[in-house]
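Shared between the two complexes below is chain A, which has chain B as its partner in the first and chain C in the second.
After this line comes the complex of A and B, so read on.
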């Protein structure tokens, strides 16, 4: 080993340490999540100050969690697909289609004694199939994820409207509503499902080959391919996973509203992507956390609650939400920018394009 | 424009440019006179590309002075260099494919000229420029992306001429041209020099330099080894000697004495082809043998290895590993059959830079550490640490990000990945690119020791001495065809250099 390369390594080491210790902490995922906790606490403090007892009650806490649980499940799936370098705009539409299809089968085809398993089975099958179509298009088309899932957004919701015939199906299936609308240990089953999906999501991302491959495929698809990972197959699996989460969310929303409707899940894609992004997941892929996403969902939902308790319009809440997303992304870029040391090409590199930095006529 | 004179237009002295882990330029001197064609010669990696980028304001030198037109200056940005009258035409053309010819030519200075808001007048000037270049058949309204590469180059030249260019830098301009087009290019160059424009001409083709050049500067390992040599007075063998003459002695491990014919054939490639890039490539590699592929950048060496590996889908031919034929275009099958690739662009193709070293190492053998999909991370770290210790990766610590390692140590991480998988065949594309000179010998030792363990190794390198020093058998590739094949001990550097440049051994 020459002194030269030893020096370079030393420099790299030092550049890791130097600078603001807070910034350094914020670069670690633990630090980022700590930042999210602080943000969430700030919103809670604002809520307590402005709305007092009404906001600070256990009931309100559970209401927030219950409201967050459906979009939360979708956001966990979204986290995976974004870490894997993709995006899914069709989550809400898939949930709507799954909800309409399953309730229609339950109430019309087998009106008399529908078993709850029929609803669950149909909803999951529909959602998984939609995810599979997304995945196949993205991996083997190849169609850009944005376009493929945008197309799915349009057609799945369209199909849901056709099946529903613009009517809302009321769900009256024994067992199904009772279970999902019920409580366990005083806490809504919906919240338990969100918690379960989050824990499973964390384990899958951090402890399994699937999670490791997801990070690899999103972080550097070419290196992943050359390392012998089947990138296409993995991409398909990622979209199927999102479909799976959408199926669960469809069941949850169907039970919560006791209806199957083609208007379920409108703009879920934006809520989910927003939550994932403020949770610290890079939209470019390769980096992200499930814990961050959970906090992202909670921050949005708590914010919503603060606005509701203060009788502010949901429009004002949308403005605040937009501002938070922008702030989170700007902060992320600052942090990411300070870790990326120069990737300057070495002497053997090909000459790069150097178009003059100017305007075009 | 100034009239022709023989005083130096550009004088560079002691230019140093360092990148992390590598000193690309280590004291380069260059003086260019107005009205001359100054040729820049050197092997791949000698520092030509970096020097051009310094000239065009793309890179800032770490040391050294630039005197332009009698004044000390620095080309702090590409825009500054252009203002001074330096125009660079890169090998990979830097045109905007969706804009038309006129828009491309005036890109960047259309606003500053008040009169050019009228498109008609701009087109008229473009027609004049193209006529001057002998290409009046190119329409000013053609979309540039639809033009063949040779004509795109003409557009680039027209763009250079549309400004007050005093020095034109041409990087391998003849690479995309046929003979007739090269003649036309030379005519244009002569016209320009007659008007006092200085031309810096980079080419691998010695015969072109003989025809068009006035003086030559030779680079080697980032240093100027010959400057201001008159083309007419410098015989070719002298030039080759300058280009190959060793300034740093690499230490290559000794080849084992035992005849290599004993090992089993592990990798057998027959008539492999990729349409338009290379064809008819056949090679066999035995266990314990190192095969070297020599050739220029663009000769098709990397493409051959990538196609062999399945990263590109071959249009013809077969690849057999251990007697089993492997499906075309499937990296997954190749890896499963025991083939591993250390790609040319290590950072972008080989590594996950932000991930821990141990994750980079276990990436291709995760199944071994998983039960029902759950990874045993302690075992992963333990095995990775064993490998980094045996390969002497420094600094050690398998949880640090791969980004924090130097080039040589990053290469070891890539090699460790394949060792962990118990690979039978290793494909190494430019294994010492970006590796510090001092660390190279270590990589060479490592590659030889892998071969001694029974691996079949294929090494691609544009550094001829590396191929000759490391490999047992050498294949010379030129323009997508294997032109020569011989044991390394029967070849010398000058012969191989002739082969890669001319395709034949001089009589």
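After this line comes the complex of A and C, so read on.
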């Protein structure tokens, strides 16, 4: 558990003595995730009631997971960069560029002559390089993350269009398709990749120095610097990490569609940010959870499935998606707000914190 | 519309029941008369094909209806399904995210629908999942944007994109000859370049122009949206001081293209459109557009009707063949001031 959320939990437990125990539980990270589980279950229940067996089938569950996997991997990366106080708008464009670059005739010929892992190597190299450029610009420019990654969004997609000549490139390397489109223990490899990335992401965030530093840098970069953390280098690493996730996602979407295209990944940045935010990660940085993000992704994808199963238009779904994001953020603010009040009430002698909760930590 | 004489109504109804699509080889010009008929009760069956059969579940999915032509694709598909009480339409409306559309098709496979009508946001990207559906025994009817494998669809319905380019190019050649233009400057505003259909249109246009010794001098690609049309046309006008002929692939983006012409105060050229929106018909009538090439927005409706026939093991009653054809290519006629009245009823709002 991160220091910050541990502190919030501590505060929550202190206020428990006088406050409502349910509210207190909601303030802990376990409680927040429990709220997400309840939300997901509610959507599932609605799905089962309205669409019955078709919705509740194992096949439908796997369909939801397969679709969620691609955007899920991107969202895990996005979680880190947002906790670290940044944002990456270029995730979809990086994935598009990586998918195109790794499926050019030249790359595919090389892959056929040697090994299909060449495609993986090219996609990862391209995505990592894009991440590195983002990171260097943000850390040493310094360019605001919003602008640096916006620039990457435009130029990476443009470069993808140039390389692909705006055509869709079909993957003909059998080994690649066979592996990534295959199953392991009856479950799609894509889902396994998402699971693996999520677990590794959780461990890195909660059990490593890198994770603790990420929280520290996002919460208060100046304090982190004074504490001896090389904030700039860490920021670069965060964007490289997002690039890494984008590379994996690019390979996943390439396998799922058996194509590389400059039109892949359009608006992924918004899907990912949406999932991260409803998962309980603060957009201001300094606090967030990988588990919450996974639930955020699943909630959106399950919602999509419920709408499709019920023959409802995607326009209505967009409205619902917007409403859910707003509700989630409002709920978070209320929880964060009441934590602050309880802080003041339990430690009446301490100077009352006036800044938002992130700077309290 | 309701003022039409009863005889013509009956003819249209009869035609609706039998001829929906025209093979490219036949010189048939009636596209889909259904659209012009608001009253659904007057469809008199002239073949057993329209009689209610086993109820079939048809899954339909298309790209996001972000321009008029695609909106018309959706609404005409829905109308075609509403017309038959034996169709249970699973309508998964639009998404431009291939990942989401794949999930939709996988959902159809899980649900075990009887047929799938698919207008893929990217033909190549949806090919594998369509093959999965076919392997699961579900016939897939591919509309408009073609898959990259012949195994992915039972039947393909598409407009004649190459033919559209040829029609526009041939018409342009005619204009050059009629008006005796020497060394004409010809411009082309294409749609989304990543789509094979755009490449086909441009190829047809280039080939037809070549036959009269001309070539495209300026070519830019927009994205079928009004906004992109305006942007691209504005820069095109900047690039060329004088243009003789402009072919714009798509009348939806044409609204933006037209706006750019007006903003720049330019009208020295012959403006040829594509698709056949109601706006284009209006412009042709008031003389601000020379012609447009039809690209029928009713192909998904055709797909639904064919899906029903395939799922019910029926053939097309106008063909001797027992089975529905593998490929149906719709004709791409040119609409100009001479024949705009005939095509008015087929236009779509954008």
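In this section, the second predicted complex is superposed on the first by the 313 of 361 C-alpha atoms of A that agree within 3 Å, B and C clash if a C-alpha of one lies under 4 Å from a C-alpha of the other, contacts with A are read in each partner's own complex, and residues count from 1 in each chain.
Heads up, the rule we're going with is that a residue touches a chain if its C-beta (ideal position, glycine included) is under 8 Å from a C-beta of that chain, and two chains touch if they have at least 3 such contacts.
This structure is a prediction, so every number in the text was calculated from the model and none was measured.
Colleague: Of the two partners chain B and chain C, indicate the one touching more residues belonging to chain A.
Modeller: The partner that reaches more residues of chain A in the superposed model: B.
Colleague: Which of the two partners, first being chain B and second being chain C, lies in contact with A:208: first, second, both, or neither?
Modeller: first
Colleague: With the two complexes superposed on chain A, say which partner A:168 touches: chain B (first), chain C (second), both, or neither.
Modeller: Second partner only.
Colleague: Classify the contacts of A:223 with the two partner chains as first (chain B alone), second (chain C alone), both, or neither.
Modeller: After superposing on A, A:223 lies in contact with chain B but is clear of chain C.
Colleague: Looking at the overlay, does A:256 come into contact with chain B only (first), chain C only (second), both, or neither?
Modeller: second
Colleague: Now for A:186: first (chain B), second (chain C), both, or neither, which partner does it touch?
Modeller: Once the two structures are laid over each other on A, A:186 reaches no partner at all.
Colleague: Residues of chain A touching chain C in their complex?
Modeller: Against chain C, chain A makes touches at 54, 57, 59-60, 63-64, 66-67, 70-71, 161, 164-168, 170, 181, 253, 256-259, 261-264, 266-267, 301, 304-305, 308-309, 311, 313-315.
Colleague: Provide the residue numbers of chain A that touch chain B in the complex, in ascending order.
Modeller: 1-6, 8-9, 11-13, 16, 207-210, 212-213, 215-216, 219-220, 222-230, 286-287, 341-361
Colleague: For the complex, which residues does chain C have touching chain A?
Modeller: 64, 89-100, 102-104, 106-107, 109-111, 121-128, 148, 192-194, 196, 199, 221
Colleague: In the complex of these two chains, what residues of chain B are touching chain A?
Modeller: Touch list, chain B to chain A: 19-25, 44-45, 47, 49-50, 52-53, 56, 58, 78-79, 82, 88, 90-96, 99, 103, 106-111, 171, 222, 297, 309, 311, 331-332, 334-336, 341, 343, 347-355, 359, 363-364, 366-367, 370, 373-375, 377, 392, 394-395, 403-409, 417, 430, 433-434, 436-439, 442, 462.
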